[in-house]
Each structure stands twice: as structure tokens, then as C-alpha cells.
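So that you can tell them apart, the chains are marked A, B, C, D, E and F in the order they are listed, and the count of residues begins at 1 in each.
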Amino acid sequence: MSTSIATAQPLDTPAGNLTVSDLSVFYGGKKALGPVSMNIPGKQVTALIGPSGCGKSTFLRSLNRMNELIPGCRVEGVVKLDDEPIYGSSVDAVAVRRRIGMVFQKSNPFPKSIFENVAYGLRIGGLRERSELGGRVESALRHAALWEEVKERLHESALGLSGGQQQRLCIARALAVEPDVILMDEPASALDPIATAHIEELIHELAREYTVVIVTHNMQQAARVSHHTAFFYMGDLVEFDRTQVIFTKPSQSKTEDYVTGRFG
Amino acid sequence: MDGNEIQGAPGLSTPASRLVPEPAAPVAAPRNVAQSSPEATAPIHRRRTARPKSRPVPLLERVLERLIHILAYTAVAAMILIFVFVAKEALPLLTSPEIHEEVTLAKMWFIQHWPGYDAPEHVWQPVSEIPKYGVWPLLVGTLKVTIIAMLVAVPLSVAAAVFVSQYAGQRTREIVKPAIEFLAGIPSVVLGFFALIVMASWFQEVFGFDSRLNAVVAGVALSFAVIPIVFTVCEEALGAVPPSYVEASVALGAARWQTITKVVLPAAAPGIAASVALGLGRAFGETMIVLMASGNAAILSANPAESVRTLSATIAAELAEVVFGGPHYTVLFALAVLLFLITFGINFAGDYTIMRMKRRMGVAA
Amino acid sequence: MFGREHTDREYEHELRQLREQLLVMGSRVESIIGESIKALMERDTVVAERTIAADKVVDRMEVELDGLCLQILARRQPVASDLRFITLVLKVVTDLERIADLGVNICERVLELNAEPQLKPYVDLPHMGREVQSMLREVLDAFVAKDAERARKIIEKDVVVDALYGQVFRELLTFMMEDAHNVYRATRLQSIAKYLERMADHTTNLAEMVIFMVDGQDVRHLSSRETPAGSNDGN
Amino acid sequence: MSRYSLRASRRPRLGDAVLWLATGCATLLVLVVLAIIVIDVLRHGTPRLTLGFLTQSPTDGMTAGGIFPAIFGTVALVLLMTVAALPVGVATAIYLHEYANPTGLPTRLVRIAVNNLAGVPSIVFGLFGLGFFVQFAGGGIDKLFFGGDKVYGQPALVWAALTMAVLTLPVVIVATEEALAAVSPDVRLASAALGATKFQTITRVVLPQAVPGMLTGAILAVSRGAGEVAPLLFTGAAYYLPALPHTLHDQFMQLGYHVYVLATQSPDVDATRPLLYATVLVLLALTFALNASAVWVRSRMRKRIASSHA
Amino acid sequence: MSTSIATAQPLDTPAGNLTVSDLSVFYGGKKALGPVSMNIPGKQVTALIGPSGCGKSTFLRSLNRMNELIPGCRVEGVVKLDDEPIYGSSVDAVAVRRRIGMVFQKSNPFPKSIFENVAYGLRIGGLRERSELGGRVESALRHAALWEEVKERLHESALGLSGGQQQRLCIARALAVEPDVILMDEPASALDPIATAHIEELIHELAREYTVVIVTHNMQQAARVSHHTAFFYMGDLVEFDRTQVIFTKPSQSKTEDYVTGRFG
Amino acid sequence: MFGREHTDREYEHELRQLREQLLVMGSRVESIIGESIKALMERDTVVAERTIAADKVVDRMEVELDGLCLQILARRQPVASDLRFITLVLKVVTDLERIADLGVNICERVLELNAEPQLKPYVDLPHMGREVQSMLREVLDAFVAKDAERARKIIEKDVVVDALYGQVFRELLTFMMEDAHNVYRATRLQSIAKYLERMADHTTNLAEMVIFMVDGQDVRHLSSRETPAGSNDGN
């Protein structure tokens, strides 16, 4: 953790920087993502945008080795969380995923109680003590701005929550294991504007403590929510810059065309 | 506007300007045209001459729809008829004095002291000088065989379903699933034959059973009939667990086995319960396997190594030789009613459990 | 039902920041007006030079506020009142910056005048200055209070300033005709009067924008302010 | 904050190994049992399997000859059964899935009936066939048309087939309903929105997509019918009948019943054993062929559905 | 057709105005949509916006009697297409749906060929002649801006098309029966920005000949695509006005709050 | 890959409309400059009055263009170059309208001057006018061509106009000092010179905006244009 010191972070919270070098992803031998290199800054929101099939989800999933669930998927290149390569031979994918959590497009709470959903990651991590579990669950729900809404009904089924609440529950569930990074694949695309606004607000809050990487189809959302934006096209990273720059003065004409709606 | 058409029209207090967003909005001008009886105007006009002509009078449709409606009740009718016609033949057991001379419900269910026996005993011996209709040996035999079959079948098939749906690769799955479906397709008489001709001897050699045909042989053979049922339903239930649950669990840093035991299996629990209920029903009522492999000796004992006679096998074996309408005939139909009610009960209990489990998990809500 | 705050607090924060920065800029401009008048009255070269330097800050604020607006427009896609507010800011800063420039111009003339003896005691010029300053203060208040009525009153005040300007202009003309030696200084003073008159015009612009923001009603060019009644007499 | 190292801990791997091994062994065991049965039947059955065996009648108290009447009887039974069960089953499924109010009492009744019909032991069907078809219906026909002579009022091909039809009805209904359910509701909405009546929607959009599923149902029903013996015991299967049935009210031989008879009631077990194995082989081949075709049809259907969701 | 003459429309194309008076919709006795009255102008795009569950879809479906497919749904009030009430006792729902077509959120082509998809509505309407069918199919596909992309593969499966193309096919299918009105329930919410842009462009084109009513969760989309916008809230119509007005100067504060993102 | 046109043709159309209307407005303003100089040179009261009337059209166009911008901002959520373009238009119209107003002011002075005999033959004033007119034409061309280089050249030209203004101002000062009777007319002419100088400043603003639109680079307040070198000599 020498870097965290070098970059003047407090000792006990890692910076959460993701360093991607020459990352390529193949599906059954076919390349889906060209060699991508980028430094995703810690404790900020980074948005990934681009047309359908350009490899945003593929890139995202390769950041916590979720792509290993897909048969025939192969990854080349280096991804480092702070200074540790996550594809190292002695690195366990399970451990990687505990430090780099993920939230999906469709909210997918387990058909368990609200409490059990949030406690799940802790339980499988071996935490048994009732009291500590309770505390960590509450803290995760507070972080996800859901505590006030559910504290009276922690032991009711999570499936009784509204769509937006379910998605926040999934975020709380990811937060409970105290990751450094949270990846989100179109987390609000199935929600209405009000629920979306709450999620966006939450994402902003999360960036105080976590590195957030979010895929979105909604350019306006990327503009609203992120500090940095990466534009992918046909498996390549075309441009990566501060969001403000991408949406006011991108340096690549492809980016300019895409964000202004010139799709040809 | 057109207020006279609608009940409670005074409620329309919104200013007209809000309803007509633009002064130029082409609102239908002559309001007075369609006033007289608003609900009874001519059918909607067609726009262009080239429009398809209006549909032919759907007489055929009506007739066919009617027919579908009627045929749909066949199953209900069949269900009722089955019960009625089986129960009808068993009814004399309650009502006929002639039959009561030889057998009553009480004689069937309560222990009797038969002449020539040292102690009161449950005996099934319908073809003898004094016909004895004690059903307990049959019932216990049925239970023994069923329990053995379930004990073998459920763990094996649930485990196999877990393996196939969670661990196996595409290729393994493509071998195992059709194979087990093939097992399902083997007629029970073939399984019975195999148990009778081949398995019984092997088991006797290995376990040293006194009687070649016994509850274990029958139960194990029966389990071959149950395994595919339980496996198929289980596998389907496991496969129906949304992949998003698995993704969520894996993304939280759960290992595969944790995901399976903590997420997949609980989520599939109703389906697994359903599979067990289905298998139980099948095991309980299965006839040919037990008829051929159980030895058919109506012995009341807990020992699985002894021959047994089950309810279904009794009916199958004895009905062909009985006097039509006689006491034995009536008793056999009564056994059928019993069988029918028990399977009905198993079904019902199974459905109920599944429903409750689903509701608990918030699926049905 | 809905609150009056944005659900997205970050957005709310950006809007508030914009509003506050605009007010800061407004008050800086207001003080530039005051200072320039003070420099004129007290023939204070130091104040004049300080005021000229202070304009640089206003210039920077204009660029910053424009950038902030652009950023909010790009990132938040504002609509309705928010959108009107932001486009308002885009236009307001131009006027504010121009008012500050005019203040600088006054100071420049003051520096020139201070090299010569005073032509005459100034009466109407400080009066004009106070008027303009109060108009600007009023318009900033109206903006904060989202008060279209108050803004309308400000527009009416412009006539007063125009009248004063006409008076000053004619008076100085007389001075010049009396004595050729007065010409240099009188033209300087005429310029200053003109600057103040322009300041009032810009302030009137601001008032119109406030009305537009609050009511969504564009009132520009409805009054014939650009060619006010008294202007025939001067300019 | 406690941080997890990225280095592997061994514990999860062990759990996976245990679970993998246990479930894998179970799967293997099931496959082994199946293989044993099949191999045993093939090994002992093939030598006796000749053309004559398939085309001749049994002779010498069924210790010699062929099994042609049994094959013929099985096929006839299955065909009749299908003709009876398929239309009713399909109609019921269409009613349940397309017309009925899913929460209404009629639907619930039909559903309960179908579920329980599937659970009724096959021997009870035999008794029902005897009581209802043979005695009630057959007897009734005899009384009405044949002046009380026993023509229909005795075990016969037609009664066995109808009994079997009732038995397989749930199979057809469930498979058809599944096929209907697999048709996406969106497509139905689309059709309705284009001005199609319900009937048009069903016949032009839903059924074409459901045909493979319905076919699967039919085949599974046939396969079940070909293998069931218990319901035939009292409704029409004959112990030994060298002649083929030529009217609906004749009795008939059936493969499964033939196996049962040869296995349990043969006077000379050793003499009949090769014959028995060969008969089992034929029966197994028949049901295997039927099942395989059902699997094939279904996998094709799945592919179609999968591509429609792509 | 006296009205079409009165409003100076060409004789053969009706105005396509929808007049809704005191429309209420109930689900199993519970009111889901308050009495709504509005005049939806013909040959224009009208967008319906509002938070989830406010009754947008319910309102839309009641415009072509699709709600009759929902058990327990009851409608009160009057809806008129030009001057004909669509809920009249002698009016056939099937005939109504042929004049008021509908396109759904998820594209739902039949698993038939492209040609057969478009021809479907014509065939069930009783059209048999090959040549006319062909002509009408082509014209519908042209209208839906899909002809050029599919003319070489009319007899291939419609399921081979991309998401955006499928949605345009569904639009073509609705156009083939020559309706006056087209209802769309979130037609682009499942599509990426490029496909969405194409659909939006198409919606604009359609408004030359058809009345288009579109439900959308995406306020920006409503702003871009529609001439008029109706804001629903909790089953009531809060405001209905020109889109430009709704998004620059709405008269109701509820509308203002909603469109500016003040959801409370 | 992507085309240079918006996928949404309606949007493209709106942007084009905005651009064209802006050019129309620009050319109207240009002609107002020309006409006002013509009225001055030819002492033509009719032309002056016609020009004053023409300003009303420019006023209306400003309001219309603002409305169009607001509508596009509300409905299209433009970003990047489109957004810069639209915010540019919002600011450009203000300057254009102001230039037209200054043209009107020239005509007003012309009307006053026409009531008196000509003070002297005008040489530098028409020179200034031509300069300003060509600057405006140039900036509109640069805008259409999205040519930042050309826009930069225009900013440099402002110095020329400033120099001319200083010259005119001093010359007229001399006239006034020579003869008190000249004062009235000379101040009028000084005003006209001042108006032209202001026009050049506004045109410089426009040029800066074009640079911003093309390069996304804010060049305002980098040069010290607001207090040009020559201004010490006059204003």
C-alpha cells in the first residue's frame, strides 16, 4: 500500500485507483475490446458511454473478473487496484470481488428479507456475530440512503420494495462488504425519473468514500453524475477526460459527434 | 363541452384553455352533430376505399370457441367419474348386508383374532376358507417400499440436478439430461422385469436376503422410476433461478458452493419440494414394479428384507380372479379408493407447501 | 408533494453557487460605481487607480460565471425556471461587466481631470451616480427576491437618469461655448455623464431580465428606452 | 475498515470440491444404473431379435414364436388413445391459458382436476376403466343396441384406449400449456392492437408457435401409453391371443403386458427368458424412439424460442 | 365525416383528433385514473409524462380499448376519434384498434418473416391479393424508414433484426393497417441512444400523417419529440400544453417541479 | 462512422434556422451601419429616419433569436459545440442589437447636424465607418466558416479603429477650442466617432465569441481592448 501513502491518502482507506493497462477482452477468440489503457481515479465517479455493443459492459466486468462467469471469455493485459494486479496468478477472483463490488441493470435482490440481503455478503465472508452483523447492515443501508425507509421492516421480503428501493438495496448489499470500488452497469435504466434522481444523488454521495464506475446509455446521466467520462466506440477507448470537458469541449471529433447526437 | 353526454359532467371545471393547448388546435368544430344519442352512433368508419373489408361473421370462431370451452371440462368430468365409479363399487362395503357377513370396515382396520391363530393379528388373506381382509400389512408394505424408494431417489436426483445445472459444462449437460429423460421413458414393467430377473439375484448375493424378492429390491427398482421425475423437476427449478441472483452473489465475493447453498437452492426450494411431492405420489401408486419385484407376501413387519405386498399390487394381482360384485371385489375397490385418497392427499399437501414457500419468498405476492 | 429543492442536491448546490457568485459580482460592480464617483468627487487618483484594478476581478468573474453556466447547461439539462435563470445569468454578466468597464472609464477620465484644476463644483454628476448605484442595488435585490414588480419600478427610474444626463450635457456645452479652455475638461465630464447614463441603461437591461426570469415574459424593446425622450438633447 | 487481501484463501475452494464431488458422484451413479439396465437388455435381448420374432405370433405356450400381435396391439392402442386424448387435451390447454380468467373458479377447478389426474395411480385408472367404460358404457351400449349380448360390455381395445386417453390427458394438457406459455404475451398484445380477434390471435400467432410443444406433449403421451400396463389389466389386454384384433371391441395383446406375463406367469422361466429379453428390447426401443423424437422436437422448439428472445 | 370537412382536412384523411371527456379508469373497483378531459390534436405528437404509476399507460391503453384485455378494468367517460365515440355500444373494439394502432415498450415482432409481420394486420383484415399486400407492406416499411434496410431480406425472420430495427418493424406493422392514430408506450426505453434517435426522428415524420401519442419516462425525450405534453400525477392530468411551454414556462407549479427535477 | 449532421433532422433544422436567422440579423445590422454613415455623409434626413425605423426589426429579431435559443436549450439539451454555439447566439444578439442601436444613435445625431451647416468635410469618420462595417462583415464570415484565425485578425483591427477615434476626437477638440460656435456640432461629431468606436468594440466581442465557439477557448479580457492604447487621447 505504499502508493496510498505516496498519494497522501489517509493510511486506513486505500485510494481505490484502478489502473488499466493494455486490457483486451476476447469472447471465444473474437476480440470484443481493443487494448484499453486508462487510470480510473479513486473516490470519483467515472462514467462509461458509447453505442450499444461497444464494449462498455465487457470493460466493466473485466474490472472485477465477473467476466470469468462467461464461458469462453479471455482477458489480456493488466488491471491494478491501487498497486495490486487483480489478474495475478496468486490472486483469488473471490477476493477481488469483495474489494470491487458490482450493481446490475435490473435490481436483483435475493428473495430473502431486507436484512438478510444486506447481511449476505458478510455471512459468506464468515461474519457470525449478531450484533456486528446488525451494525454493519444498518450502516450499509444508511450509506445507501435507504435506512429511514426500511428500518421498520428489515425482516420483510426485499421483493416488496419498489423498483428504486430495490436498486438502492442492491447498492447497500454491495456496500456492506466494504469494497473500495463499486461498478454499476446501467443501474438506473429500468427506473423512472424520480427513482433515477435518487440513485444519481446516491452515486454522488458514494464517491466520497468509494471509487464508482458506471455504465450508462443515458448521456445526460453521464453528464450529471460523473466526474470523468470515457467514450468507447467499437471496442476502443476513444476519449477519457473530465466529464465537463467531454460535454463541452471533447478533443476527439468522434466523441463530439456522439455526445451531440450526430450518429449518422 | 359535450357535457350532456357524460354522467357527472359538472365536474369538468377545468378551464377550457387548458384542454385546448393551442388556439389553432383543430378541435372538431360542429359539436352539435353527434349530440342526439351519443352512444349509439354507427360503427367506426373506414378511412380509405382500399381498406380491407370488414371481417366475415365469425360463426366458425364462435362454434369452435364454444367447443373449446366445453372440452375444457373433460378433465373435471374424468376426475369426478373416476371417484364416483370407483367409490360406487366400494360402496357395498358400507351398505350391503351380504358383504358385511364376510367383511366390514372394522374388520379391515382393527386387529382381529382369527381362528387358528395364537394371537390377534392383522392378516390379509382374502382367498381362504375364512377370508381375512386386514389392510395394515398392505399399507405398511406400501409405506416400506415407498420410503425406501424415496430415500434412494431424492438425494441422488437432487444432487444430480445440482450437478447438472450448476457445475456441468454444456457438453456434460447434453449427455446427462437426455440420458435421464431416457430413464424416465423406460416403462415400469421393464423396470419391474429388471428387478425381478436381474437385480433380485444380485441383491441376494450381495446382501444375503432370505427372500429373493423383498422391500429393498422393490424400493430400489421403484426409485429408478422416481429419480427421473424428481431430477427433471428439480433441474428445471434450479435452472429457473434467475442468473441475476447468481451474478449478485458472485459479485459479492461468494464462492460457487456458497452461491449454490445459500442462494440457488433456497430460491429453488418450492420447485424441489414439488419434485419430491410428485415423486412421492408416483412411488405410492406405482403398480407394475412392486407387483413384479416385491414378492407379494402380505407380511406385517418393519424388516425391509422381507417380502411385501402393496395396495396397488394387491388390486392388480387379485381383481382378475374375484367374483364380480362379491366381497373381495368390493374390498379391492375400497383399497382403490384408499389409494386414490392418499395420492390426492399427497398432491394437495404438496401444492399447499409449495404455495406457502413461494409466498414466504414473496414470489406469489 | 414535490419539494422546492432539487432532488439532486449537487445540482441544487451548483445553482445556488451560481446565484451567489452572481450576487458577489453585482456587489463588486456596485462598489466600482461608488468608488469611481468618489474618485471623481474627491479628485482621488489612488482610488481611481484602485478601482481600475478592481475591474480585473469583475472580468474574471464574468468568465467564470459564463463557464459555470455552460457547465450546468451541459451537465444538468435545465428546463423551465432553471433554464431561464441560467440564460439570464449568461446575459446579466455581460451587462455587469460592461457597467464595471464604464466605471473604469470614469476613473480614466478622473485621472485626466486630476491633471487639471477643477472646472466647476459637481452637483448633478454625483446625483446621477447615486441614482445609478441605487438602481443596481435595487435590481440585485429584485433578482434575489424574484420580484418582478420591483424590477418594473427600476425601469421607470431610468427616465430620471436620462433627464439628469440631458441637463449635465447642456450645462457643459454652455461651459465650452463660454471658454475654449474649458473644452478639454468639459468633454471629459460629458463623457462621465454619458458613462453614467449607459450604466443606467445596462441596469435597466438587468431589470428586464429579472422580469423575464420571474414571469417568463420578454419586455425588451417594449418601452422606447433605447432612444429615451431626453436623449435628443444630448448623447 | 477491515480490508480483504486479494490473496486467495483456501476455504472456498474446499467447499466447492466437496460439493462438486458429491453431486458428480450422484449423477454418475444414476447414469451407471441406466447403463447397466440398457446393456443387460441389449446383451440378452439382441440374440433372439429376428425378423421372425417381430412378425410371428407366439407359439408353444409362449415359449417360442414371435410377438407380432403384441406389437400390433400396442400400436393400435396408442393410436386410438392419441386420437382421443389430443384434441381434448389441446382444447383444455387453450381454454386454460387463453380464455379462462386465471383466478376464476372454473380455471381453478380444471387445474385441480388436471393436477390430480396426473397423480392418480395407474391401477386406479384400470378400475375406473373397468367400472366406467367396460361395465357402464359398454354395458349400456349392449343393453341399448345388442339386446344385452356381451359385445361392448367386456374388456376391449376401445375401452383400454379410452382409459389410457384419460390417463395421458394431463400429459397433453401440461405440455400444451407449457408451449402456450412460452409464446410471449407481447406478441398477443401486438396482435390485439392490430385489430385481431382473440380467435385470430390464437390461430394465427399463438398456435403456430406452440405446435412443436403440442407435438412434444403428444409424443410423451404416446410413450407413456406404450409403456403403461396396469390400466390394461382389466380393460382389454389379453394374456394370449394369436389373432389380431379386428374390431374395436376385440381384446388385444400388448408388449408391456406380454413382458409381465412372460416374467411372472410363465410355466418355464428358463425357456422364456431369451424371448422375454427380446420383448423388453423391442418395448424399450419403441419407447426410446418415441422419447428421442420428443426430445428432438422440444430442443428445436427451445431454439426457436431462444432466438425469439434474442 | 362532416368534421373533417369543417376543419378543412382533405376529404380522404380524417383529422385524427382524439377528444377525451371525463375519462376515468378503474382496476377492480379502484380508481387508477381520475376524470381526465383533454383534446389530443390530430397529426401532432402528444407526449404523456409523469412519475411511475401515475396512470400514463392506463390512459394510453384506454384510447384504443386495449385495457379491455385486462380483467377487472373498467372505463367511464367518453373518448371520441374525430366525432365518433370509441366506447359506443355498437362500436367494435376490434374496429377501434384498427384505426388506433399501438406500439409497445419492448419490440414484439411475430416470429415470422419481415414481410409476414407487416402483412399480418392486412391478412386478418381479410386482404388476400398478393400484389396489393406487397404494395401495402412496402409502403408501410417506407413510412417506418425501414424499407431500405430490409428490402433485400423481406422473407427472412424478423427476429434477426437489431433492437431498433425491430421496433421500427413494429411501427411499420401498426402503420400497415392505415390507422389514424398511433399510440406508443415507451417505444424507445429499451434502446440505446442511436436507435432511440432513429425512432425519435421517425416519430416526428409520422406526425405528418398520423396522430401520435407517446408515453415516455424520459423527459428530455418528451421535450425533443412532441408538440404537446401532458403531465399526469397520481391519476390526474395536471397540465396539458405545448411542449415548449411545458419545458420553458409551465403554468402549474407541480409541472415545474417535476420537469426541473424537484421530486422531493 | 458518424455523419456531421444530427441524426435528428428536426434538431439539425432548428440549429440551421438559428444560424441563418443570426446571419440575417447580422446583415441587417451591417446595413444599418452603412446607411447611418450614408446619412451622415449625404446629410440625408430620409435615410436617417428610415434607418432608425429599421432598428425595430433588429430589436424583434433579438427577442426571437433569444426565444429560439431558449427553446432549443429546453428541448434538445445541446452539449459540446452545439451548446457553445447556442450560448454564443445568446450573447451575440445582444452585441448585434447594441451595434444597431449605436447606428440609430448616429442617425439621431445626423438629424441634429442636418439642422445646421456642415462643420467640415468628413474624412476620418467615413473611414472609421467602413472599417467597422468590414469588421462586422468579416466576423459574420468567420462565424459561418467557423474560422478562429480570421476572428483573431478582426480583434487586431480594433486597434486601427481606436487610433482613428483618437485622431477624430483630438481634431474636433481643436475645432471647439477655435470657435465656441463649433461646440454644438463638434460634440455631435465626437459622439458619432464614439459610437463607431463602440461598434468596433462590440464587433471585437463577436470575434472573441467566434473563437470561443470554434476552439472552446475564452479569450475575453486577455487583450486590454477595453482600455485601448489610444483611448487616453480621447473617449
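Here are some notes:
One rule holds in what follows: a contact is a pair of C-beta atoms (placed from the backbone, for glycine too) under 8 Å apart; a residue touches a chain by one contact, two chains touch by 3 or more.
Please read these numbers as outputs of a predicted model, since none were measured by experiment.
No other pair of chains has as many C-beta pairs in contact as B-D.
Homomeric contact subunit A/subunit E: same residue numbering on both sides for over half of the interface positions. Farthest from subunit C, judged by the mean position of CA atoms in each chain, is D. Work out the mean CA point of subunit B and of subunit F, and you get 88 Å between them. Taking each chain's centre as the mean of its C-alpha atoms, subunit C lies 52 Å from subunit E.
Centre-to-centre spacing of subunit B and subunit E amounts to 45 Å, using the average Cα coordinate of each chain. Here the CA centre of subunit A is 36 Å from the CA centre of subunit E.
Contact with two or more other chains is made by residues 94-95, 125, 177, 194, 197-198, 219-220, 223, 247-248, 258, 261, 263 of subunit E. Subunit B has residues 55, 253, 255, 258 in contact with two or more other chains. Each of the following residues of subunit C touches two or more other chains: 7-8, 11, 70, 74, 77-80, 83-84. Of all residues in subunit E, only 219-220, 223, 233, 247-250, 254, 256-264 touch subunit C in the complex they form. By the touch criterion stated above, subunit E contacts subunit F in their complex at residues 194, 197-198, 200-201, 204, 220, 223-224, 243-244, 247-248. By the touch criterion given at the top, residues 101-103, 184, 186-187, 189-197, 200, 204-205, 209, 304, 307-308, 310 of subunit D touch subunit E in their complex.
The residues of subunit E lying in touch with subunit D in their complex are 64, 66, 69, 71, 94-95, 97-98, 101-104, 106, 108-111, 120-121, 123-125, 157, 159, 170, 173-174, 177.
For subunit A in complex with subunit E, the touching residues are 51-52, 163, 191-195, 197-198, 217-220, 258, 261, 263.
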